[in-house]
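Next up is a structure, given as structure tokens.
The first chain written gets the first letter, and so on, giving A, B and C; residue counts start at 1 in each chain.
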Amino acid sequence: MNREKRNRLIVIWVGVAAVYLAVLICELTLRPTAMLLTVLKKGAIYSLVAVSMNLLNGFTGLFSLGQAGFMLIGAYTYAILTMPSEVKTSQSVYKYYECFITFDTGVFAGLLAAGLIAALFAFLIGWPVLRLKSDYLAIATLGFAEIIRAICQWDVLGPVTNGANLLRSYIDLTRVIIPFTDIPFPPTLFVFIVSGVCILLIVLLINSSYGRAFKAIRDDETAAEAMGINLFRHKELSFVISSFFAGVSGALLAMFQYTVQAQQFKTMMTYEILLIVVIGGIGSISGSCIASFLYITLSEWWLRGLDMGTFLGINAPGIFRSGFRKLVFSLIIMVIVLFFSRGIMGDKELSLTRMRLAFRRASSRLRKEAHS
Amino acid sequence: MNSILELRNVTMQFGGVVAVNDFSMHIEEGEIVALIGPNGAGKTTAFNCITGVYEPTNGEILYRGHTIAVSHPRGRMRRNYGGAHGDLYTSRRVISPSPDEITRLGIARTFQNIRLFKSMTVYDNVLTAMHLRARQNVFSAVFRISWKEERRMREETERLLKEQDLYQYRDEKATSLPYGKQRRLEIARALATEPELLLLDEPAAGMNPQETRELSAFIKEIKERYSLSVFMIEHHMDLVMDISDRIYVLDFGSPIAEGTPEEIQKNQRVIDAYLGVRDDV
Amino acid sequence: MAGFFHDNLSYFLSGISVGGQYALIAIGYTMVYGILRLINFAHGDVFMCAGLVMVYFSSSFPFTISIPLVIIATVLLGFFIERVAYRPLRSAPRMSVMISAIGVSYLLQNAALYFTGGLAKVYPSIPFLSDTVVIWDATTKMVTLVTPFLTIALVIVLTLLIKHTKTGMAMRAVSRDFETSQLMGIKINSVISMTFVIGSLLAAVASLLYFTNYASVTPTSGSMPGLKAFVAAVFGGIGSIPGAVIGGFIIGICENIIRGGSSIFNIPGTGWTTFSDAFTFAFLIVILVVKPTGLFGEKAVDKV
């Protein structure tokens, strides 16, 4: 490994460590209900699912719209598995059904199972669906997500999924403890660690020989096949891995929300994730992460006033009422899609060199303008 | 001794159009064989049958004496079949490999209209083609357990790029190279799959005479260095006559001649096919 | 057998009626796909907007004015969507256009959410269409009977237009080969606009029929019928208008048979309605695997 590359790696790891340290400090100093912590948690969860979607749409060139479905599978698997067995049998959650699964597992087994079950479904559904051309794939995966949602609400499966009723009392973020101790795990840090590890794995995958094969498929299927890359096997691999991480992020979302219900995992949710990926730049991992945090911060925090009557000191309850925030959002998104289709990062990754270059270019432009 | 590649009665029919009809040929170990013919004669279609892009309508393809593809007219095609020997292979079970399986066997190809991986650098284009022969699985690749294999692939790629005179372009985008270099990169990429038989689809298309002369030396050189057999489609007769050991000629899908360059040059049917025959004669 | 039909007639009737409505929406999908190779994800939301506009217009105008107004407004909406969101991306990769379509869908739903305040709006009962009739002991609305006939009539008119007018010919040419028809001097932009106009017009008619049956409009009530209509278009072979119509009817009927599952198949359970939605997509996946080109679709061969 040459020196330049090693320096770059060191910079990246120092940066990552700084982020985690900052998160830990925020966690220890702020009230647990602080808006910043909520935003950080949700942002980290969305980062993971956006990156997992980017793996498919950006790196493998598969236009899949099934992300919400896999998140649903992950969330339900996690909730059902980690709900203590006393709760399951006590009729406080399963009011109308006799709960079929009577055992319970820990957090990590639950998270892993969430990913694995989502991956299993992806494996089964991928077999027919991944042989389709791009836009058919989009509609088939969208349809699949709808099927999953319908099936989860079907009352015949009530003993497992609790029908259309919500699931709660499973191990949520506040009840995670550090292994082998009884100290509660700082919730935001926990989300960051799980998401971070998952995203790291995706990055490692993308930079491996398999990642190059995925990109080859995205660039030119015919040429990739002629180079001995089995299209179906690699697409299936990408699809299964992406779904695994979507499942994990679904589980994290369930942990974050305290309750989970099939109803929330609608097509709209997939659309939101897709739009985050587009804002960040299709084919950029760091772009997806930045866009997720930006999106969540804006929608949950900074633009809240648009829904509440007062924004930037302007009080206009007639205009700034419920739903205005999302309307403004969708307009911004349309502007990005139409005029800045490369998003924040394009297909590049965040790096110090590039930031330095951009900064230099901006400052020289400023200087030129000052001169003239 | 088996031929490295053998086609028997290969016919390809699209709807009612017989693009290739009853084409039989063979390539021996170490040969350079060319396939020529006027535009629309079915040369690329024949190529695509060999490389698994199309499943031939009828016929058999053998690689080193082993059947790799065999087919006969089925379904609606059984009634509409317009080629020859429609009943020759009906008793055989259809084998139709996908292009990646063909490449795995050791048959690599280039494309008529260059198909490089557009978003990748020159280096990554070649490195990607190494994926096929890499000894690894997803887990060992993700967790870098097979880092030695990765390092070997990278070294191999650098060696290949140096040999092909492309090393100085390694970090440039593949599509930003000059046209001739792109063709060369496509060949380098095909070589990275460690082929024994190289199929070149119009390697000299769009090249000037100087580049064509270089290409002819280049093909001979890689053939020796990697002990390849070469099968190519080409329109530049200088190139074809210079390097081919044998030539097959297709016209309107049917083979009309076969032989050494000298024989082909004298063959009246070939001359007619290229120049046309006067109707009033 | 007759008794069986008699007992479940209401399911069959509503199946045929909903099928006709899906067919009308599906034509919009199939025509746009035929020409632009774009799944217009926003089409279902255009249909929903037509419903909402009707709610607002009918409160201030009589039906004789509000119905034409709704149709005009929907056509304008479809026209503007194409103009603003798809035309600038004409030379962009297909994925970008699809993302733009999803963006429009998101925008329309959020706009509807904002203007309605998230509440379900009661759809006005249109005289004649909302009247109840009794056929063979099954009570139903007039719209159920009108829909199939109106659908078929509109499809015949549309087919004649496409077969015999200059614009129709241009449409067929553009869907065959985009670039060549441009070279032949066809103004593709106006052809594409025309396609969106026709699609939106049919969606507006479908919304009048559909919401009369369902009686309320919510910001998301366009997405399900939209997706189902798309499935219908795929089933019929995307690009083919008769295919879309047959697909629409088949999906509408199947879905209602499943919806009536507990009485038709004698299997108890209450989740049949949600399950009927799932059926549509399961059906889609099966079609795509078995016959990706649909009933009347043509196979495209990629040139290597």
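List of remarks:
FYI, a contact is a pair of C-beta atoms (placed from the backbone, for glycine too) under 8 Å apart; a residue touches a chain by one contact, two chains touch by 3 or more.
The shown structure was predicted, so the numbers you read here are calculated from the model rather than taken from an experiment.
Distance from per-chain Cα centroids to the pooled protein Cα centroid is smallest for A.
Of all chains, the one whose Cα centroid sits at the greatest distance from that of subunit B is C.
Computed centre separation for the pair subunit A/subunit B is 43 angstrom, with centres defined by C-alpha atoms.
Chain centres here are Cα means. That of subunit A falls 32 Å from that of subunit C. Computed centre separation for the pair subunit B/subunit C is 47 angstrom, with centres defined by C-alpha atoms.
Subunit A has residues 222 in contact with two or more other chains.
The residues of subunit C that reach two or more other chains are 304, listed in rising order. For subunit B, residues that reach two or more other chains under the stated contact definition are 53, 111. On subunit C, the positions that touch subunit A within their shared complex are 37-39, 84-85, 88-89, 92, 94-96, 98-100, 102-107, 109-111, 113-114, 117-118, 220, 223, 227, 230-231, 234, 269-271, 274-275, 277-278, 280-282, 284-285, 288-289, 292, 302, 304. Across the complex, subunit A meets subunit C through its residues 57, 63, 125, 128-129, 131-136, 138-140, 142-144, 146-147, 150-151, 153-156, 163-164, 222, 266-268, 271-272, 274-275, 278, 282, 321-324, 326-327, 329-331, 333-334, 337-338, 341. Contact residues of subunit B toward subunit A in the complex are 51, 53, 98-101, 103-104, 108-109, 111, 115-120, 124, 127-134, 136, 138, 141-144, 150, 153, 189-190, 192-193. Put simply, subunit A touches subunit B in their complex at residues 201, 204-205, 208-210, 212-213, 215-216, 218-220, 222-231, 237, 241, 283, 347.
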